[in-house]
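One chain, chain A, links the two complexes that follow: it is found with chain B in the first and with chain C in the second.
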Partner chain A sequence: MATKILRHILRLPSSHFMYRRWESSNTKVAVYDPFANKPKKNKDTYLEAIKMFENQDNRRRGHVEFIYAALARMKEFGVHKDLQAYKALVDVLPKGKFIPSNIFQAEFMHYPKQQQCAVDLLEQMEDNKVMPDSELEQMLLNVFGKRGIPLRKFWRMLYWMPKFKNLSPWYLPDELPNDTLELAKMAIHRITSVDPTMKIEIWQTEEIEACIDKTWIVSAQSETQKILLSEQPPDEPLVVRGPYEVYLKEQVVTYFTLLGKVRPEHKDDFDQDDVSNLKKPSGIPGFIGQTTLPVVKCTVHEQDDGTIVAVCATGSSSRDSLLSWIRLLEKYDNSVLSNLPVIFTLTAPSNDVVVQETQPAAEDVKRVQN
Partner chain B sequence: MSLLKTNVITSVKYLRSFSVLCRKSNQDHHLKKCPILFNTQRWLFWERHRKGGYDTTIKTSNWEHLKNGLVELKHELKLFAKELKELYDMDPLLIARPGEIDLLWCFNSPTVLEKFVTTCDSDHGEGYSSCNLEMSPAGRALFHGYLDTRVPKDGRIKKAGYCAMRSKMQRKSFKRASTFDWHLYNTLVLKVRGDGRAYLLNISTEGYYDITWNDIYHYILYTRGGPYWQVAKIPFSKFVLGSKGRLQDKQTRMRFDKVTHFGISCGDKIVGKFNLEIEYVGLEFDPTHDEEFAYEMYKTDKYIVAV
Partner chain C sequence: MNIARTLCVKQLNGISRTISRKIGFTATNYEATNAVQPKIQEEKFDFEDLQVIERTEQRKPKIPPFMKDVFVSVFQRDLLAYPEILDKEETESMEKRAETLDKVFQDKTKSKEERRNVLKSTKMYAAPVNWTRNGLAANQTESIRYLETVSPDFELAHELSDHWVALRALQHGLTAEQYAAVIDELSTGDATVTLCIKERIAERLAQPDFRTTATLDAQGVWRITGEKMCTRGDGFMLVLCKVEADHLKAFLVHPGATGVTFDGNFVHFQKTTGTPLSQIPNADLGKIFGISRLHAATLCRCQLKYAISKIVEYVKPRSFSGKPLAELSTIRAIVGESLLHVYASESTEYFTAGLIDGYVDPDAELEMAMCRNYINSRGLFSLINLLEIPALEQEEECKKIFDRMRILASGGESLDGINTFIALNGIHHAGKIMAEEIKQIRNPLMHPAFIIKKALSNRHQVKDDPKLTLHLSEHLHPTLKPASDQLEYCVLRMRFACETLMSRHGMEVSVAYMELKRLAEAATLILAMTSVLARASRAYCIGLRNAEIEMKLATCFVSKTISEVRQLILDIDNGEFLNHDRFKVEFGRKVLDTNTVLVERPTSRVFW
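Presenting the complex of A and B:
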């Protein structure tokens, strides 16, 4: 019997008595959600709902629950990247009441629910890459005082976030354009930035009479690539590879590459340590060694899975638009394409293809003719 | 007595404590038999599990252990012989050649991939991401998968969405733990071909004490995307110290002789496929880079930082 009673006592969570205070607010109470039935979901209505909450009760009861509800609905209203919305939420917290007045309060997390709520708010800002400013710092200081946990979080954010903000070597604006053509231009510009002589051109497929798919093509080709393409032997086919994806923040752009044959590595038999026959070339004073460039100049385009001859993105990513791309390349300065076979290795047409295809989905060789 | 003990242990088990000041009891006792991991205990001063409660040990019988041991004995002896030979040769690398890259891993054969382990949140039922490390069509390592930030609705997990690859533990013969020694170098060099996403480079420097078990130095690897390879050279001085993914207030330089793991992870909160092709990971000594640590290390006011 005694063991039974003991077991019963021990079965109770040990925190039950000590931490009853924390658990009391865990009980699920249906909270009135002022955001649920807003007809229009935008920033104005969001701020309006916050104002309504502030005005309906000057003691602001249930503000922690309100802030959590508001944080969860931010994405819905499209304000999750808006600093002003976060500031409006911090403004809901009463000023002065939560500032600890002695060291014990400061050390033992004065008003823990409220502090945790503010920390969660800041965390959501951090996740959405919203940089806080000094006004928010002042607001938090007025609410929690300088010993508050949210202030520590805030200072950490203000210390680290600017350090990482502009770290990416490929600059992207804060707001990406909505236009797919603009996005494609940015993406192609980014992925071809290895070669500074790269020329990006925008073509319309209407220029080719036989085309079915009327769309745009962003094509990139440098002078070097033109030379590499012209050296392609006529019996070896070019390959169109893709679709590949490139991310610009959340946006995805599909692109295709035109690959030539793998070029042999340049072999330099010149023995650099051989000093038996040193010649000083005329015209370059003080220079010892070879002055002529190697026969096969190594470029970034020659990779060991093929030589990249051109890169493109099209409006529909369909096979027909790619065929138009090859024809447009031929039209603009790549006359060698008229007698080169081109293989299209698109495993399956991408989902936004408009054109009806009759060919089998496997590899199909199309001889480009004009 | 034994009864009392077990009961205490079970009642402790269902008590989640994030710190001494904030505790919460698990109400989901019905999940007891569920294979989902419960053990998110974090006491303030002491950590029980090296893996933070994620039990990844494969349970084998003693007989299996014996059999596996005999199979591995051959391999270990070979390793031991190699170590002895190295000791006899006494030919350590004393100076790094500036401008030359010493490769840690050159991903040109499937055997190199076996030195890595991939992890994602769906492995522990904490999310829906998936990832894989395979050979690419170009004959390199391809770390690819699908990143999903959906959170499982179990009321326990707040965020999800990560995929990671990490090198296996560095070890000497007979399963003795060892570390990398990178003190000759000051730059990490990677040749990669990415998809425009940002990846995180992780260099773990696990120590002996429990507070250092989760020390990882992070830096971001931005990828250009596209068909061209890119070589990223990142000085070690730029790496920031984090523990369990949180940047630490008190930053310190990396201990180059205590590096235990190297890893790359993808967790940039962008839902979708990711592809990172890696040709090599190497180390270089760059004499022009004399920065020791890129971040401020001045003293701040009391009770503000690292409390």
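Presenting the complex of A and C:
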């Protein structure tokens, strides 16, 4: 009989069995929310509220509900990336009580609601890329013992999070700057890192007399791109494309590209297997390479839809600021732009196409067809 | 006897030929007896006409290119007889002239002017010029010997080397009238010619690699515009220019020509007039200018020799722990190794000079490049090891030696450039011969029978144990049998390496630079091994003084070098992942992109 009961228990899905007990009581207890009426919402008041909860009742009744409520309010208080705040929340849990004392307790998730609460807390830490430390490990050990689910979660986090932390080849500081110009510089640096010779310039639209929109422009152009732009035939228009978005953690920066013509593809019509007439050098000591330049696509900037000859982000992302960008590009080493038509195909803010014959700056604003 | 030989020959076809060799019928050696005996061609001249009295050269008939053939594992065994170009009279006259030069150049008290004077009096400035033009009509063997003698004065030797190459180019390139107009001034040594070939690496994407251009103006005068690397701004200059997009032509710029400005290591031309060397075809330009590689190798080797003598002078009077410093085995080993390099380089240079001087219409471009390649790569490292012995004690002297070596090694062209030239020429030659085979290897499903045959025939090569079928030892002294077998192994591996490369990359092989570099190095070492063995064998056979040391040097050099060649070819066979090229290239790319060392400091931690 006992064997039958045990078999039945084992056959049941463990999650069903274990979670039912606390699922029914979930969110049914109305608790006092100490975070709601704080006049100042910062780290100090957040920690103060936690301290108040700890002090008001030695038995810490309703601590699970309190932690869930506190977790939900973290962003509001700006502590969602603060390890100390998470530690303070873990500290709310009573020590020793939840440590399993036999194998059955260890196996069948001792105090599942509390364990799940701690796992959720760790999950939130992970979502916010807050890396736990060994002190937190000690705290969790004191609360749930070494066989607790939160500990397993903690160890997995400690294994993976340092590996993921620096996985991106584009380094960003832990705290992003609040200044949009700095963010734009970072974004443009990231999207132009494909060419190591890229030069990033910061211009002010005020440099162009006729500009309406006074803002900054972060423009990136490499020497290669300048040359590609100088090869643009005068009858083929350049195209300003955008806005495109690039994400820096939670921040979004919009950027625009200036596209030119594409050189023909390298013709691959020779037989790869025929080695009967391989190329050989002239043999003159000191004479290397070619006397002419290739006329086919051979740089990273030459993509299928066009050659990217410059990239920018502006303070307002407006059409006028982009026009100023073209003027500034012309002013700084791209004199060829004075003879080239430029088409603005912006998906926002309007859906129209603007053709701009780029002439001296004073005249050109009048010619813009809105 | 002839009947008997014919009968034997008929029986020794195919496999029996190899068997007969193994059981020792050396008297009926089919290959050796039937080998093409060199026919001596004497130049005929008319005794009546004094104008045509010129030095006669006894050249053997044209032979296929030696080192190019090695790329397909074909070895001309006749060349294992080390070349003897000069007869008794010529040797004596050369040694006499060298002795005169030596007296002045070894004497440190002599000034540059005195040295110039002795060069003039011995007609050194007219060495390659014909007798009828009051020159010496010196061949390459003599030129190298003279250059060795002059080498203690580095600047003069360098100048002389450029001058000789330019004189040869002028002789072939100018019309008779143009040549007559300039040759007298050049022969006397009052003015010398500097080679202006190399340009700076393009600094912008829009610049082609080679930019100096010559255009014909309305008056029919050639005008040169551009910039060249050049260390001397006086005298004549021989400038290589592009004309009509991709056609190259050399121009002679006279001293004092308008539009020439000299700036440190660069000379600028601005619509400078030049005399075109129009008689010389584009293909021959490389052959003539290529001689400068041979000269550079000689000068490099002389610098290494000079460094050895300086180190000996330093070590001899000093002691360490109560014993002479010279007893330290590490020092002895370093000096010994340097000697090996000097011996190998010297053998290779004279072997190559012999190829150029001894045969009609020689194709020795590759060999000349290999001479330079060998001493550049080995010489520089050897020199660093040597100069570590006095460390900072003789800093000025060490700096001077090292700087000269560095200029010789990297001046004119880079080591990578030479390696690429060697490998591409070799692979071009191999490609012509192996094209059909490569096509089949690259399309295995279309040629299953061939692939099975290939797998069977290559089984020894795959195991790195080719069957030795060239029998090179028959052309060397019997005591060099093990060394000649090692050379044979290297030669036989070359075809396999070329086959591997071409079947792996197809037409793209010309941009597989890392693998081509290995191939070039392996080929260079094979030339060095060949020359060393041939020289030592000849020296021992004819009874030269210290011939037994030469034999030891040769054996040691070959057995030391075989492991390098083996590894180089194994690396080619293994491919980019096993030989780590893939990773090294990737690391290099990242460093070049970011200009950082990529990794964090060793003290960095992640705190948790």
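Note that the second predicted complex is superposed on the first by the 289 of 370 C-alpha atoms of A that agree within 3 Å, B and C clash if a C-alpha of one lies under 4 Å from a C-alpha of the other, contacts with A are read in each partner's own complex, and residues count from 1 in each chain.
Following the convention adopted for this analysis, a contact is a pair of C-beta atoms (placed from the backbone, for glycine too) under 8 Å apart; a residue touches a chain by one contact, two chains touch by 3 or more.
Quick caveat: nothing in here was measured; it's all calculated off a predicted structure.
Within the superposed three-chain model, A:L158 lies in touch with chain C and out of touch with chain B [touch as defined at top]. Residue contacts after overlaying the shared chain place A:D127 against chain B, while chain C stays out of touching range. By the touch criterion stated above, A:E209 is placed in contact with neither chain B nor chain C. Shared-chain residue A:D179: touches no atom of chain B or chain C.
Of the two partner chains placed by superposition, only chain C is touched by A:Q272; chain B is not.
When the two complexes are superposed, the chain touching more residues of chain A, out of chain B and chain C, is B. Once chain A of one complex is fitted onto chain A of the other, the partner contacts of A:D235 are absent, as it touches neither chain B nor chain C.
When the two complexes are laid over each other on chain A, chain A has no residue in contact with both chain B and chain C. On the chain A side of its complex with chain B, the touching residues are 3, 6-7, 10-16, 19, 22-23, 26, 108-109, 112, 116, 127, 147, 152, 155-156, 160, 163-164, 167-170, 187, 190-194, 244-250, 252, 255, 257, 300-301, 303-305, 308, 311. Residues of chain B that touch chain A in their complex: 3-4, 7-8, 11-12, 14-15, 21-25, 137-139, 159, 195-198, 220, 222, 224-230, 247, 249, 269-270, 272-273, 275, 295, 303-304, 307. Across the complex, chain C meets chain A through its residues 197-199, 202, 204-210, 229, 240, 242, 245-246, 248, 282, 285-287, 289-290, 292-293, 365, 369, 412-413, 417-418, 420-421, 424-425, 427-428, 431-432, 434-435, 438-439, 442-443, 502, 506-510, 592-595, 606-608.
Remark: chain A residues 131-134, 158, 162, 165, 196, 223-224, 227, 230, 270-293, 299 touch chain C in the complex.
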